[in-house]
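In what comes next, chain A is part of two complexes: it sits with chain B in the first one and with chain C in the second one.
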Partner chain A sequence: MKKVGKFNVLQHELVAEHHVVPKKDEDKVLSEIGIARDLLPKISRSDPAIKALEEIHGPLESGTIIKIIRKSPTMGYSVYYRAISSEVFK
Partner chain B sequence: MTGGISKRIYRIQFALLSPEEIRKMSQVKVITADTYDDDGYPIERGLMDLHMGVIEPGLKCATCGGKVDECPGHFGNIELAMPVVHVGFIKEIKTLLDSTCKSCGRIKLTEDEVKSYSEKFSQYSFSSSDPEIIGLMSKKVTDEASTRMVCPHCGAQQIKIILDKPTTFREEGIKVTPKEIRERLERIPDDDLQFFGLNHEVARPEWMVLTVLPVPPINVRPSITLETGERSEDDLTHKLVDIIRISQRLRESRDNGSPQLIIEDLWDLLQFHVTTYFDNQTAGIPPARHRSGRALKTLVQRLKGKEGRFRSNLSGKRVNFSARTVISPEPFLSINEVGVPEKAARELTVPVTVNIFNIDHVREVVARGPEPRDEFGKYLAGVNYIIRPDGRRIKLTAQNAEENAKRVEPGWIVERQLTEGDIVLFNRQPSLHRMSMMGHTVRILSGQTFRFNLAVCTPYNADFDGDEMNLHIVQKEEARAEARIIMKVQEQIMSPRFGGPIIGGIHDHITAMFLLTHGNPLFPEAQTVHMLSYLKLNRMPPVEVVGGKKFYRGRDIFSLILPEGLNLKFPSKLCSSAKEKCDFEIEPIDKDVYIINGKMTHGTIDEAAVGSFSGEIIDKIFRKYGSEEAAQFIDRMTRLGVAFISGRGFSTGINDYDIPESAIARIEEISQQAIDRTDKLVETYRAGQLQPAPGRSVEDTLEIEILSTTGSVRDESGKIASAFLGLSNPSVIMARSGARAKMLNISEVAGMVGQQSVRGGRLNRGYYGRTLPHFKTEDIGAMARGFVKSSYKEGLNPLEYFMHSIGGREGLVDIAVRTSRSGYMQRRLINAFEDLKVDDSLRVQDTVGAVIQFKYGEDGVDPTRSDKGETVDVDYLAFDLENEEVQ
Partner chain C sequence: MPSIIFKDTKKNIELLSKKAPVGYAIDADVKPGVTEAYVTFDKKVFPYRLRISGIDEYKEGSSAVEKKKAGLMTILAVQSVESIDPVPVSQFRKGKKKLGEFKDFEEVELPRIQVVEKAAYLDALSHDVKEILAIAGKKKIELSISLAEQLAKYKKSLSQKQFDELMGRVGRDLESKRIDPFEAVGIIAAQSIGEPGTQMTMRTFHFAGVREMNVTLGLPRLIEIVDARRIPSTPSMTVYLKHEFENSEDVVMNVVKELENTTVIDVADIVTDITQMLLTIKPDHAKMSERLVNQSDLLDALAKMKGITVISDPDSKDIAVKPQQESFKRLYQVQEQLKILTIKGVPGIKRAIARIDPATQSWILYTQGSNLKEVLEIDEVDANRTFTNDIIEIAQVLGIEAARNAIYEESLRTLSEQGLEVDQRHLMLVADMMTFGGTVRAVGRQGISGRKSSVLARAAFEITTKHLLRAGLLGEVDPLTGVAENIIVGQPITLGTGAVNLVYRAFTK
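On to the complex of A and B.
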């Protein structure tokens, strides 16, 4: 599937970890953070990280929740969620 | 102001005004260009017709019968003799003309295209879809249509229309009249309008060409009467007068069959006036001017930009209960206080609602009248107005004070003048961070200026070279509580920018603390008592008897103002570069400041201990004992500093920079060596023998080599000079303690100024291949490229002076560019962050509820309470605990 020699942004040390939240866990995550899906921060479907994830998981539909784990000097790591937007941001 | 909501906005629709609608909403058809008759009465059917509202007291609106403040104003209309285009819609008109057929009016798309595109467009309704998407789709379709040169419907050949800015359209050089434009727009069928993003029900394109002009109500363009009795009309009225005049002349000329040329000229003139009536800064036409030569402020100018309605009147407003004056220092005030001049205090009031508990006191204050003083002539707060429950204001005078005091009942509001202890907000622009506006308690002082403690200069970024500041009197209990609890200066000691104190000692405070503690000197009893008389303490430091006389140690005096139980160890600024033993201290242990249980035993107090931005002691007191204690420490420290240094005296002068002849000769020698070395480098380079550094060109290598040569010679000369300038030198004291300036500045005065630079490189601009005509072209030696070998004290020769000025200008330009750019960036940031809030679970959300951050800052740490950005300083906690256990 993966084109040989193609650079995977997710492997770069400056790019935070991006994970697709499985469909069955989505409701659990949403109730855990206590927020409606449409109020989640968005991520463009043209985002390089989404493109990289689609290489692994196949096409992702809009509304899919992405879990982002960032390094933090104070917390060790911090968790952030984004939903894939139906629009493409410019 | 009071009561429920009478109207609620359900939706807003943007549309074009049709001529019928303009006529329908018009109360009067204006036909006369005059305003008032000789008696000063509005002329009927003139621009000030009473049907359009009233601005003079005594008259009644002819439309609604309302008096001055009751009538909201009503529109009128002007029938234009000939149609003119509306400047605001020029772009839209251009696209419409470009994409439609000139003869049949259809959009230049084939039937198939129309079908497929209209399917796409019908998915988006005008009322609920994103206008941006419709705009993008429309752009695509119209671009396609406008390229067709033959109409797919009627087969007519199309001619390219060129827009001759701002308002003239031409076809092959021949003008298309607005009348013709309007006719073409009329021909466009309703069904084709969706492709332009127009809703034909509310926006027919021909309405973009004006045949009738609405006249705004008089309330929008009030005339003002000058003292001389002369009337001065609003700019809009002036413009409308012009429009009516030209329209009339045009109508007459047309009706009596004047030559086409004259009619066209008048028509153009009418177009000019209508255009400038809307926007007087339209590119391509000269702005219409007042008789005095000032450009008129017409409709667009009223709304646009910093001075426009939005930024000046809606986003920001002028306020009551505020004062502004020059600021000056007052070291005897606490950091929490602000000195307010009596004159201002008499004008500024706090509303006090009368109730059964305060009525006796309020009656007493009211009885004093508006300008009371006590028996010694000292300021007492009086009352300016009392407000009855029905909202009537009674102005208090010395005559009616007694009488009104009796009439005051619970429920009345008394506007009491400012008094000591009131909480007020104090602000200096530019308000770049939250510490730019802090809560202070009032002290009434004589004089004309606002005054405050010098430690508060830092957060406001204020100095006293003529700065002015604003004062706001908080009007509600809730606001006063917030001001006291979260805005007060002592609560703002810690900066959210770097998690350390932003308020602390400056300049003389630091010098004083340094002199007081460095080397732990002895002070005679008289001097000590005098110093301590500035502080409200009832303790004396431990005595030391030398030769039968009582003496006190500097560090012991300083320890008096430290809170009990404070444990601290940190390197002083003086010894920050020392590893084992510090060159400036006798004992190695004095490298660090030791404070055990509130007693300072070792080290030197300087910028690192009490300075703003760094003050370690302030930081730790704030964390361990809270804001109150930290504020008290700063108050006492600044007072002690002033007490000490004003008794001892402290000054510097040019002879502080005297160094021995031998040192001057040595500096001369090494600077000559540097020049020679530079010449040699240049020679090597010219001979092509210079080895380039890895990854660099030969030229770059040469520059780097020269820069490091001239750089090291400056350092070297600084070292030579400062070897003769010890810690007894006032300038060195200031530099080493961190009070002001750096050692670099001292070596510039005593040693040499050194290499000047622009953008990090040697000076190279000016003439072709040289900076000044005094040098040969392509001279890249030291002096030709801005090396200054003189010192400030010795003086710069003209060439050096010129080079130095080039370097100096870069700094000035930098600052000018930075401030304007950061100002605009600040504005954009603030607009983006507006209305975000952090809730109890530390989630950051906007007003819709959309999440920005799941946890504030992604770690939930308040940077204000963080330790220089870190969550906790474990080493310090251990040190503190260790020393607490010892006691």
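On to the complex of A and C.
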């Protein structure tokens, strides 16, 4: 199913790369950064970027880890992780 | 893929969704091949989608649900009724053009795109850089990519031995410049932004080089950013056009026309004649040409208004408007409605100004007022570069990561415009903290400081009694892990050396 409209959030310059971390790699990621899943920074279930990812990967459960690769002015690129939270912000 | 759109009542749709799959008789002729129908209640947004599996001619006495009592023509075999994210009417296209006016029924196309992820950055790196990253990985050096790119340049001119030495030194240097464990980075960031902040003038008004555009700058803007205001005092957008339109002045002027929200009162005077119960719209020619509106645009806009009779005289430019119901109250209401009647434009955008960017020699549009969601859907606009200075709006339309980047870039720009240099990392920390919870939170009582886990830390900040009382009622526990709470109880704070416990084990004989 294609998205309605002509605008793709994930391609916007301000939006960093969002990638879904596969279920089997989640533990590896968590042990690498040494943080429990519920202490990770959050990203809302209703976030436009998550909705766009759902168009590609199908529904994403809350708690799924999203790998975010930002363009950083100091490092070139930096990697950040967020976990999908069930909260919906209006 | 052709679709149909029509207006319907809420009652009909509720009935349909209960009964689906079912036939639905509507009062329009539908061409075969239509699989989707979008339904609106208010002619503005379309919150329902019907999946259609077949189209048949209407015959009397069928079991289908009927939209109206009379004039039915077609039966749609409705598979299901879905409630979707409302689609605004501006997204539908009829033969590549926007719908001028939507009445009750229309056959349209709905443009769709395939959502694709951004290309992974690692794939874009050159072979040399990847190699250097691999070497660094083996030596356990945490090399950043920008450094690896620089090293790649030197690698060719150096011998293997020299290069190893260079890598070793880079590794040692990185190690020594690393932030120490339990360093109070937040306090340092606060001080580093606060100190230059005192040098900003309280009331900075500055015309940002564009005529008639006044954008808040300086300290008021910085406060606005960290307070995460819902609407900034001067919302403004920077609109880029797609590369093929960037140099064409005609297209640019058309987009300006499409953007600017012009109401009747902006281009005309309205004169009320109480004796004849008549309103006369007297268009101001100079204002009309400045706003790129012509007489027919004005008449089209008036035609959409209900409850009035428009009497236009071909000889004169003036347009007379008469309320259908003759009462002074109604006359007044119509006058007020006329004032704010939109002729054209995107809601929320008061003014748009086009300017040639000296660096790239291409047109960029600046707007007063902001409506990111609708501007991004305009055909000529480059949706991937256009942005606004309203951070909350960015969070809603582009997501939390975009908001984080926007906070960082806006605050950096505000500071550097004032000639103040603050290390980027401090601003990144602020941006990361503000977006930590998935939504943009202000720095302060309502936001970050007001949501600390420790009761004592919250009470020490603001509204002491409220927090203590609440904690007492709910039986909150304070594990004393932060700074403020440990100062209150008189313990060493958990920062720097205070965070390390020393255990002395005496020699046993």
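Just so we're on the same page, the second predicted complex is superposed on the first by the 86 of 90 C-alpha atoms of A that agree within 3 Å, B and C clash if a C-alpha of one lies under 4 Å from a C-alpha of the other, contacts with A are read in each partner's own complex, and residues count from 1 in each chain.
Please note the rule applied: contacts are C-beta pairs under 8 Å (C-beta built on N, C-alpha and C of every residue); 3 or more make two chains touch, one makes a residue touch a chain.
Keep in mind that this is a model prediction, so the values were computed, not measured.
Engineer: Please work out whether A:Ile33 is in contact with chain B alone, chain C alone, both, or neither, and reply first, second, both or neither.
Structural biologist: first
Engineer: Taking the superposition as given, does A:Ser62 touch the first partner, chain B, the second, chain C, both, or neither?
Structural biologist: neither
Engineer: Taking the superposition on A as described, I'd like to know which of chain B and chain C A:Ala52 touches: first, second, both or neither.
Structural biologist: In the superposed model, A:Ala52 contacts chain C only, not chain B.
Engineer: By the touch definition at the top of the document, which applies to A:Ser86: first (chain B), second (chain C), both, or neither?
Structural biologist: After superposing on A, A:Ser86 lies clear of both chain B and chain C.
Engineer: Specify the partner with more touching residues on chain A, choosing between chain B and chain C.
Structural biologist: C
Engineer: Between chain B (first) and chain C (second), which, if any, makes contact with A:Leu10: first, second, both or neither?
Structural biologist: It touches chain C, and chain B stays clear.
Engineer: Which partner chains sit in contact with A:Arg70 here, chain B, chain C, both or neither? Use first/second/both/neither.
Structural biologist: both
Engineer: Give one of first, second, both or neither to describe whether A:Ile43 is in contact with chain B, with chain C, with both, or with none.
Structural biologist: Once the two structures are laid over each other on A, A:Ile43 reaches chain C alone.
Engineer: Based on the A-chain superposition described above, do chain B and chain C contact any of the same residues on chain A, and if so which?
Structural biologist: In chain A, positions 41, 70, 72-75, 78 sit in both the chain B and chain C interfaces.
Engineer: Across the complex, what residues on chain C touch chain A?
Structural biologist: 85, 87, 91, 110-118, 120-121, 144-149, 376-377, 379, 383-385, 387, 394, 396-402, 405-406, 424-425, 428, 432, 435-439
Engineer: Note which residues of chain A are touching chain C in the complex, please.
Structural biologist: Chain A reaches chain C through residues 2-19, 41-44, 47-50, 52-53, 55-56, 68-78, 82, 85, 87, 89.
Engineer: Can you tell me which positions in chain B touch chain A when the two form their complex?
Structural biologist: 845, 848-855, 858-859, 861, 866, 869-871
Engineer: Quick one: in the complex, what on chain A touches chain B?
Structural biologist: Against chain B, chain A makes touches at 33, 35-36, 39-41, 70, 72-75, 78-81.
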